[in-house]
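What follows is a set of notes on a single structure, which appears directly below.
Naming follows writing order (A, B and C), and every chain is counted from residue 1.
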Amino acid sequence: MNEEVTMAIETPLRQVSPAPSDPVRSTEIDRAVVLRLRNVDAFYGTRQVVRDISLDITGNSITAIIGPSGSGKSTLLRCIDRMHEVIPHARATGLIEYLGTNLYDARVDPAAVRRSIGMVFQQPNPFPTMSIADNVAAPARFNGLIKGKNASADLVEQCLRRAALWDEVKDKLHQSGASLSGGQQQRLCIARALALAPKVLLMDEPCSALDPVATLQIEQLMTDLRASYTIVIVTHNMQQAARVSDRTAFLTMGDDGAGYLVEEGPTGRIFTQPHERLTEDYISGRFG
Amino acid sequence: MAAEYGALLTPTSSARRFKANLVVVLAVVATAIALVPLASVFLFLITRAVGVLGIDFLLQDPPGDLSAAGGGIRNAIAGTLEMTTLATLIAAPLGILIAIFDTEVGGRLATGTRFFIDVMVALPSIVIGIFVYSLIVVAQGHFSGFAGSVALAAIMLPVIVVSTEEMLRLIPRPISEGARALGLSRWRTYASVFLPTAVSGIFTGLLLAVSRAIGETAPLLFTALGNNFFSTDMNEPMQGLPLLIYRNALNSAFPAARDRAMGAALVLVLIVLAFNLLGRWLVSRRKPGRSTGR
Amino acid sequence: MAVRISNKAGQGGPAAGPFARRHLLNGDIVFRLVVAASAALTIGLIGLMVFDSVQAAWPAFQTFGLGFVTGIRWSPSFTIYGALPFIYGTMLTSVIALLLAVPIAVLIALLVTEFLPPQIGRPVAIVVDLLAAVPSVVWGLWGLLVLVPFIRPIEHGIADGPGRLIPFLGPPTPGPSYFVAGVVVAVMIIPIVAALTREVFATTPRLQREAVLALGGTRWDVIRRVVLPIGRTGLLAAVLLGLGRAIGETIAVTMVIGNAPKIGGSIFSPGFTLASVIANEFNEATEPLHAESLVGLGVVLLVIAIVINGAGVAVRRRFERSAGRGR
């Protein structure tokens, strides 16, 4: 049973909304909601760390997931691109629907999911043995998305521009990826993720390891990217969430040690008129 | 208050100080004792063997009769080079693949393999010689350089597996996660990310394995057997430097054989040292703070 | 810029969508197979070699039964083969080697990790490690031409002195002997035991060390109360691995042990070890039972080596795990 896939790599800057591409699946897709989480549980062995989370992620926006340590924010994020299960004895159950498909269906190839949903980590992790250009182009080349030197060079420039890094590195594309500053490395990682043309970008505390200047640059970048991508960011920095995101989800740890969703909504409302007491307590710094 | 000050001001009793110092002295003496044989061996080789060395010694083959003077050790140097090269070609890819197996597939199988390999590291090399004899020499019906190479490969394999595994395990988690999050297939991840990152360590492990194989005699005794002539035929018995030393040493009643053994021993030690020190130097470049050189 | 890769709509069903597993035999599965096959092939080959050897030695085991291992006589001319003299030789030389090497190695490790500053300690450690770089055959040559003449008067001295009362320390003393072999093997295993012991001592938790010092302890107190007790398991592993190396040492031993296939009465008697007799006689063993018995000796040696090295590896694993926990 072979199914090959159409992947249209379009230039998102020219786009305003996610493009419908595949005539095979004509089921109704709610354009506004890109990711649908329903009853997601996550475990490390027998220990449950995420309990029954249901959430809608809307397209072309930035959704922030906030909460105290241990509330399962990162774990939940990693469930979306099936990175959680990589850890030995870790597993996740539930429904995560993306592009009309349940990502947790048994027939789904996790690697394919990860090619379609990009992730940026807390610690910038460019491949140290590859040049800056290779860092961006190689994963795309390996995954068969582009072929040939010209296509590679174009892709490198395009993605580095989109990650606001092009001007700083265009003269040293052949230097090692590890030779850049922390903020530059993180932008390189963003460029690398963008090279696979994902529609969703997951960011796990992307600024925690960066200085304030670099942080602001990344935040500005996120705002620019919002027009073409759906971004989900986990952050323990409430101010950052308030600055950058359109919607915010607040998670906290329950008495059983598992994280659960307390409240979710437009960022403005969450921070000024939260519905839940817990949310208000967290926002005003009474715990966490 | 006064009592506490008193305790602070009481010097360590002389008995305890004496014991502490005694141990230091003993440790220094022990180290000196251990280094005496090292110095002795080098002195021995340098003083008594240097007279034997010369261009002829390196470029000529030994005489048919061990007790006769003259000739050189060319065939032995060549044989060692040839067999070690073939052994490396066999052991390196296998060793790296096994290390990948242990790291990637994991589980009970990998634990068992790792244990097996760890025990193999320390197996008596003469036992390896017997094994290869039983499998290859008996099957082929004759001794050969090929059998010798296989025996050397068996010696090198566990060293390569252990050092490669160590290197793969040292790959930082963020790199591994980054590759996975990009949806790269496993083989691609190893080929383009992990192995290039670990390559210098793998190379060092190879160097150390080679330096060990070059000095081994026992595995060659019943496999390559030895040869008085220069040979490039892997299907024929082949001479090796340690073999030549051994056979001449057994006949050391004859001065010619004795001299030949010593000259060859000096050459062998120099070659092994060169590989060894090169390997160490590469390790120190990678990890500048390591205080326990291995 | 749009790059379109062809779309073949299959019957995969909408559930899997664009994320369906592409091929049954995708690159990853092939990769795992190749890698697993290499491991299996290698282990299989080695297993085959062991099997072949045991098979080759079988006639000897059959002929002598358990007497092969307990037999005292090894006499090719009478086709009687018993392994005990060699087991004895192996044990004796190994014990001598351990008795000499372990205290020295432990002291060296203490010197390098406890008493010397790292800048001096590191070069010292490297120099000691060079002992391991010298090939076995060179140690044998040195042993034969330098050590034996040097030790002979010492052997005579002990044999004529305390040796008169203790036969074990008495004559004969022709030079090559269990004792000399033990000394040479000791020299060869010092670097191994020292290196491992160094690592063991280096992993002593700083917290415990400083606790003793803070209470006014001397460096010896630190060693006695913290380093040695915590490193006990690791030390055992180092000793076991040194022993494993000692029993397998072949060439250097062959050259200095005197090659007498019987149980010598004194440590200054000539003798044989399992490894050295194989090296010495294998190529001249024309009579089938002789050759088979030699292979049988190899099997015996293999069993002993697996037991000791296996124990050494297991103990080292246990130490590494507990050291990890202790942090």
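Here is the rule we use: a contact is a pair of C-beta atoms (placed from the backbone, for glycine too) under 8 Å apart; a residue touches a chain by one contact, two chains touch by 3 or more.
Predicted, not measured: the structure shown is a model, and the values here were computed from it.
Here the largest set of C-beta contact pairs joins the chains B-C.
Comparing each chain's Cα centroid with the centroid of every protein Cα atom identifies chain B as the most central. For chain C, the chain whose average C-alpha position is most distant is A. Between chain A and chain C the centroid-to-centroid distance comes to 52 Å (mean Cα coordinates, whole Å). Separating the centre of chain B from that of chain C, both taken as means of CA atoms, is a distance of 14 Å. Computed from the mean C-alpha positions, the centre of chain A lies at a distance of 48 Å from the centre of chain B. Looking at chain B, one finds that residues 185, 188 touch two or more other chains.
Those residues of chain A in touch with two or more other chains are numbered 111-113, 116. Multi-chain contact residues of chain C (touching two or more other chains) are listed as 28. Residues 12, 16-17, 19-20, 23-24, 26-31, 33-35, 37-38, 40-41, 44-45, 94, 97-98, 100-102, 104-105, 109, 113, 115-116, 118-120, 122-127, 130-132, 134-135, 138, 154, 157, 185-188, 190, 211, 214-218, 221-222, 225, 242, 245-246, 249-250, 252, 258, 261-262, 265, 268-269, 272-273, 276, 280, 290-294 of chain B are the ones that touch chain C when the two sit in their complex. Per the touch definition, chain C reaches chain B in the complex via residues 26-28, 30-32, 34-36, 38-39, 41-43, 45-46, 48-50, 52-53, 55-56, 103-105, 107-108, 110-113, 115, 118, 121-122, 124-131, 133-142, 144-146, 187, 190, 194-195, 198-199, 202, 216, 218-221, 223, 241, 244-245, 247-251, 255, 275, 278-279, 282-283, 295, 298, 301-302, 305-306, 309-310, 312-313. Here chain C touches chain A in the complex through residues 1-23, 28, going by the rule given at the top. Residues 172, 174-175, 177-185, 188, 192-193, 196-197, 199 of chain B touch chain A in their complex. Interface residues of chain A facing chain B in the complex, by the touch rule stated above, are 81, 83, 86, 111-116, 118-119, 121, 123, 125-130, 138-139, 142-143, 189, 192-193, 196.
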